[in-house]
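Each chain gets a letter, A, B, C and D, in the order it is written, and its residues are counted from 1.
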Amino acid sequence: MSIRIFVTGGTFDKEYNELTGELFFKETHLPEMLKLSRSSLDVTVRTLMMIDSLHMTNEDRELIAHQCMNATEEKIIITHGTDTMTETAAVLAEKIKDKTIVLTGAMIPYKFGSSDGFFNLGSALAFVQILPQGVYVAMNGRYFHWNNVRKNRQTGQFEPTLP
Amino acid sequence: MSIRIFVTGGTFDKEYNELTGELFFKETHLPEMLKLSRSSLDVTVRTLMMIDSLHMTNEDRELIAHQCMNATEEKIIITHGTDTMTETAAVLAEKIKDKTIVLTGAMIPYKFGSSDGFFNLGSALAFVQILPQGVYVAMNGRYFHWNNVRKNRQTGQFEPTLP
Amino acid sequence: MSIRIFVTGGTFDKEYNELTGELFFKETHLPEMLKLSRSSLDVTVRTLMMIDSLHMTNEDRELIAHQCMNATEEKIIITHGTDTMTETAAVLAEKIKDKTIVLTGAMIPYKFGSSDGFFNLGSALAFVQILPQGVYVAMNGRYFHWNNVRKNRQTGQFEPTLP
Amino acid sequence: MSIRIFVTGGTFDKEYNELTGELFFKETHLPEMLKLSRSSLDVTVRTLMMIDSLHMTNEDRELIAHQCMNATEEKIIITHGTDTMTETAAVLAEKIKDKTIVLTGAMIPYKFGSSDGFFNLGSALAFVQILPQGVYVAMNGRYFHWNNVRKNRQTGQFEPTLP
């Protein structure tokens, strides 16, 4: 079973610019993380963009959907900023029905020591192997169907929208 | 859905004794790791023992099986040394048929920076939520049925025994 | 020999706010760092303020000078943002002649894994023990007299102003 | 001012072998540490040996002394296991009178996250710049003359032998 990881940026891959004191993107840490995980899965990583998800446009989402459709893999993980992760999930769900797509991200940049990113990558890789076709968000140790999830801005946690 | 984590020790929880230069067990890092993961799952952690799995006896395995049977949860994760993880899995599979049990561990102690443990915890928590009843090993990003897995001593990786 | 550490904030002690994605101050990491260092020095830590040094006012600098004068210790370290570290050093040098005062900081927050802060603390503690009375900046493994140092904004490194 | 660092191994540079569960030496982390420190000092690193200091022989100490004498630098740091650091210091002090030599090490391997090594490197580099000619041990934030220091095996800390 082959798995494709598409990188789009988000807190996951942010770094600290020591000259300006601001956060920025350099390159993805996914290959380093996969090495550290000692994963023996057949995974291919491709960076589609490196942006804050608050800056993601409809065009960007079209590009992601296009890449998912064209990928030869049926199992796809997308690393994504948490702020608009559910919006991208909705766009993908409308267009792609025959693949298992799992979006994940992080609340703390991977390079900042206390990140949840490495844990989330482990859970996303597990979920994508087993879940049936559909579009999902994997955060906080759980998976959510694309049409039953929101990010709670107060707590920073993802939760179901339906009771 | 409630999940129980039973801690038995293993490389996962080893620490460095700076006075003797040897590795030892103090207490489990599971609660710290769960906090870092920002998991919103309903998880209860209990330490059963803190031992190197090379020192695990039949009696120890009976105790683990007993605790799994008596747990009110149907979903159980066991953190375990990698050297005899598959032996414990076989003992559990013989005795327990109506629960989903996932054994996981780490090649590098969690406290040593470059550990795979946090990733493995993420994948074990994901697998235990979805896999049907049975006993599994979750390592290297994958899950294995208890009766089709071995640790390759040369590579340090888990792999299927059957072709 | 007693050493006093006055904390004023700076990049040293910044943390990442996972809800806003911004950097902020919570509390100083100096006690944790001293414990990790296994230092057996007689050190007392006191937080005077927790601010970005770009926001430091003349009043703040008066307060720091006042605290340095009133301290019973003759050896004082001040953790400080790097952007205006040399300005504070100049204010202190004008007012205090009979103590050894070493200002230090970090280019990367201590909590972000790749920080220079722990190294800088080690060098500042060493310098303050041996250098004669005066006001110094300790960064990049070196010490500089307060009147012969500037931060190079292009490289982020401290360097002598005189050839 | 040029500084030479001679690497001899010790806990400082130990790593965890995930196949055997034992500690071993691969290569020194000094270059990585110097980069992280953002040091602008003129430092040259050379590995002389990579051994546990309990295994260091008289011949090894002769070799270290020989290298110190032949080095063009007058300022020398030696990274060394803590168990016999004071013995090597005594050998060097007998043979070399016209250089400043600082021995340092770590109680926890640099790669294990909670190491004191990065702090110790910062203090050793500071001490070597200022201390007069002689042989010193820099540990626990302090410096000790070679003939007034011992490692307390109970506490793991270095302390003066004289009251």
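Just so it is clear, contacts are C-beta pairs under 8 Å (C-beta built on N, C-alpha and C of every residue); 3 or more make two chains touch, one makes a residue touch a chain.
Because the structure is a prediction, the values reported are computed rather than measured.
Common neighbours of chain B and chain D under the contact definition above are absent. Note: centroid distance chain A to chain C, computed from Cα atoms, is 39 Å. Averaging C-alpha coordinates per chain places the centre of chain C 26 Å away from that of chain D.
Computed centre separation for the pair chain B/chain C is 44 angstrom, with centres defined by C-alpha atoms. Among all residues of chain C, those that touch two or more other chains are 107, 114, 156.
Screening every pair of chains for touch gives A-B, A-C, B-D, C-D. Of all residues in chain B, only 11, 16, 18-19, 21, 23, 107-109, 111-114, 153-154, 156 touch chain D in the complex they form. In the complex of the two chains, the chain D residues touching chain C come out as 33, 36-41, 107, 114-116, 118-127, 129-131, 138-143, 156-159.
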